[in-house]
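The following pair of complexes shares a single chain, subunit A, combined with subunit B in the former and subunit C in the latter.
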Partner chain A sequence: MDLFTAMDISASGMRAQRTRMNIISSNIANAHTTRTDKGGPYQRRDVIFKENTFEDQLSSVDVQDIVLDPTPGKRHYDPGHPDADAEGYVNMPNVNMVEEMVNMIGATQAFEANTTAVKAERDMALKALAIGRI
Partner chain B sequence: MKIELSDIPRLTIDQGDFGKDKKPSTSFFDTLKSAIETTNTQAKEADQAAIALAKGENGNIHETMIAMQKAGIRIQLLVAVTNKVIEGYNQLTQLR
Partner chain C sequence: MPGIFGKTISDLSSVMNFRLFRQGIISSNIANMDTPGYTAKDASFEEELDTRLVMNTTSTEHMPSKQSSMAVSYRVNEDPYSRIGNDSNTVDIDREMMKLSQNQLLYEASSQIVQNKIESLKNAIRSIR
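After this line comes the complex of A and B, so read on.
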């Protein structure tokens, strides 16, 4: 348990939230993507966080996996679209913009919480140093 | 509810080997030297992170900032320790 362990833990939290933010921007950017390498429309992605215990009772957070959301997307009627099926429907990505916005606020807030923790840790270290200055 | 004085947990300090007549395994100046080395590495790390961020090689803003904060605190700690050492030395030289 070092002076800076708490900072490293907060850094892992920020890293995790940044990954989450990257995934959310990927979802938003691809909200209307109908073509992928695998075929079919873009599938919404989600991050899975996992605790990483590195010392007794101390754990940072790791991004364990990025998973695809299996829920079916909307079917949009647009017979002129090159990706329309025989009935004239286009399979759209299963991205819900409102949900992504809410997740984005969550990620921003969680990131901010971690920066606040870093600031508090820094202030504590500086307060401890102030003991030496009489 | 009546609270007995004995119910209140007391802060105990584990003194360990402190104050016992025991020679330290490393000298104070070795400890100071290793502290200076740690501070130096941390400062270098912060420097490299800042350069990498400026060059666009590393997009980790928060890690760079944390590295810089760490280096800053380490340097302040080292300065505090060296100031104390110099103060002690000055007190010794003024013995008469």
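After this line comes the complex of A and C, so read on.
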């Protein structure tokens, strides 16, 4: 392994957290979407992280899958809505704003932790290069 | 690596290699802080280092020092001080950040000593005129 291996690991963490952030953004953006290509309201998405072990027990992280949240959404009474059923209820997406916000804070902090690690590795590489510069 | 560089530089470069490897392990822990079921790891080296740092004997009268092997190996274990969260992930991010800066400092300290060592050798060479 070299210093770039450690940087690659941190980069994989940043990439994974960015993907998570994108998914959270699409959940928030579609919090009131009642129509989708598949029909029905928007379904909340979630990322699945997987550990990816390579040489010497070092492990990066991969986004293994993006899955749909199967929990049913709220039924909202709005008879004037074009997507209302016979009883006047509209099926809303199963997006919980509070949950998305908490996830967003988690993703931001995890991203920043990985950035700090990249900075530390960069400083180390510079210190190693300084040995030859006398 | 015997000769004018002595054993110090080769030992220090072993230490730097270990610090680099440990940085990779810590980065792995930070990258996987949200991976369900991930167990935090840590690399240890200190025990092996103790057995490696032995004194040279310049006279037969001296007490023999324990022989050291040139091969330095590190062991990767589960981090014993980590906590278990609600998704069976054992990464404690505060601890990992602490380890990260500690490891970085120790790496930089070793590189500083190597640099000083080379500098003093250079000074010695320059003095001979």
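Convention: the second predicted complex is superposed on the first by the 133 of 134 C-alpha atoms of A that agree within 3 Å, B and C clash if a C-alpha of one lies under 4 Å from a C-alpha of the other, contacts with A are read in each partner's own complex, and residues count from 1 in each chain.
One rule holds for everything that comes next: a contact is a pair of C-beta atoms (placed from the backbone, for glycine too) under 8 Å apart; a residue touches a chain by one contact, two chains touch by 3 or more.
These numbers were taken from a predicted model, which means no experiment stands behind them.
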Next item on the list: May I ask you to decide whether A:S59 touches subunit B, subunit C, both, or neither, giving the answer as first, second, both or neither?
Entry: second
Margin query: Looking at A:R122, would you say it contacts subunit B, subunit C, both, or neither? Reply first, second, both or neither.
Written below: first
Next item on the list: Once the structures are superposed on A, label A:K50 by its partner contacts, choosing first (subunit B), second (subunit C), both or neither.
Entry: second
Note to self: With both complexes overlaid on chain A, does A:L3 touch subunit B (first), subunit C (second), both or neither?
What the structure shows: both
Next item on the list: Check the contacts made with subunit A and report whether subunit B or subunit C touches more of its residues.
Entry: C
Margin query: In the overlaid three-chain picture, which partner chain does A:A110 touch, first (subunit B) or second (subunit C), both, or neither?
Written below: second
Next item on the list: Touching subunit B in one complex and subunit C in the other: list those residues of subunit A.
Entry: 3, 7, 10
Notebook entry, point to check: Which residues of subunit A touch subunit B in the complex?
Noted result: 3-4, 7-8, 10-11, 14-15, 18, 115, 118, 122, 125-126, 129, 132-133
Checklist line | Footprint of subunit A on subunit C - complex, ascending | finding: 16, 19-21, 23-28, 30-38, 41, 76, 93, 96-97, 100-101, 104, 107-108, 111-112, 114-115, 118-119, 122
Checklist line | Complex contact set, residues of subunit A against subunit C | finding: 1-3, 5-7, 9-10, 12-13, 16-17, 20, 49-51, 56-61, 106, 109-110, 113-114, 116-117, 120-121, 123-124, 127-128, 130-131, 134
Check: subunit A touches which residues of subunit B in the complex?
Finding: 60, 62-63, 66, 69-70, 73, 76-77, 80-81, 83-84
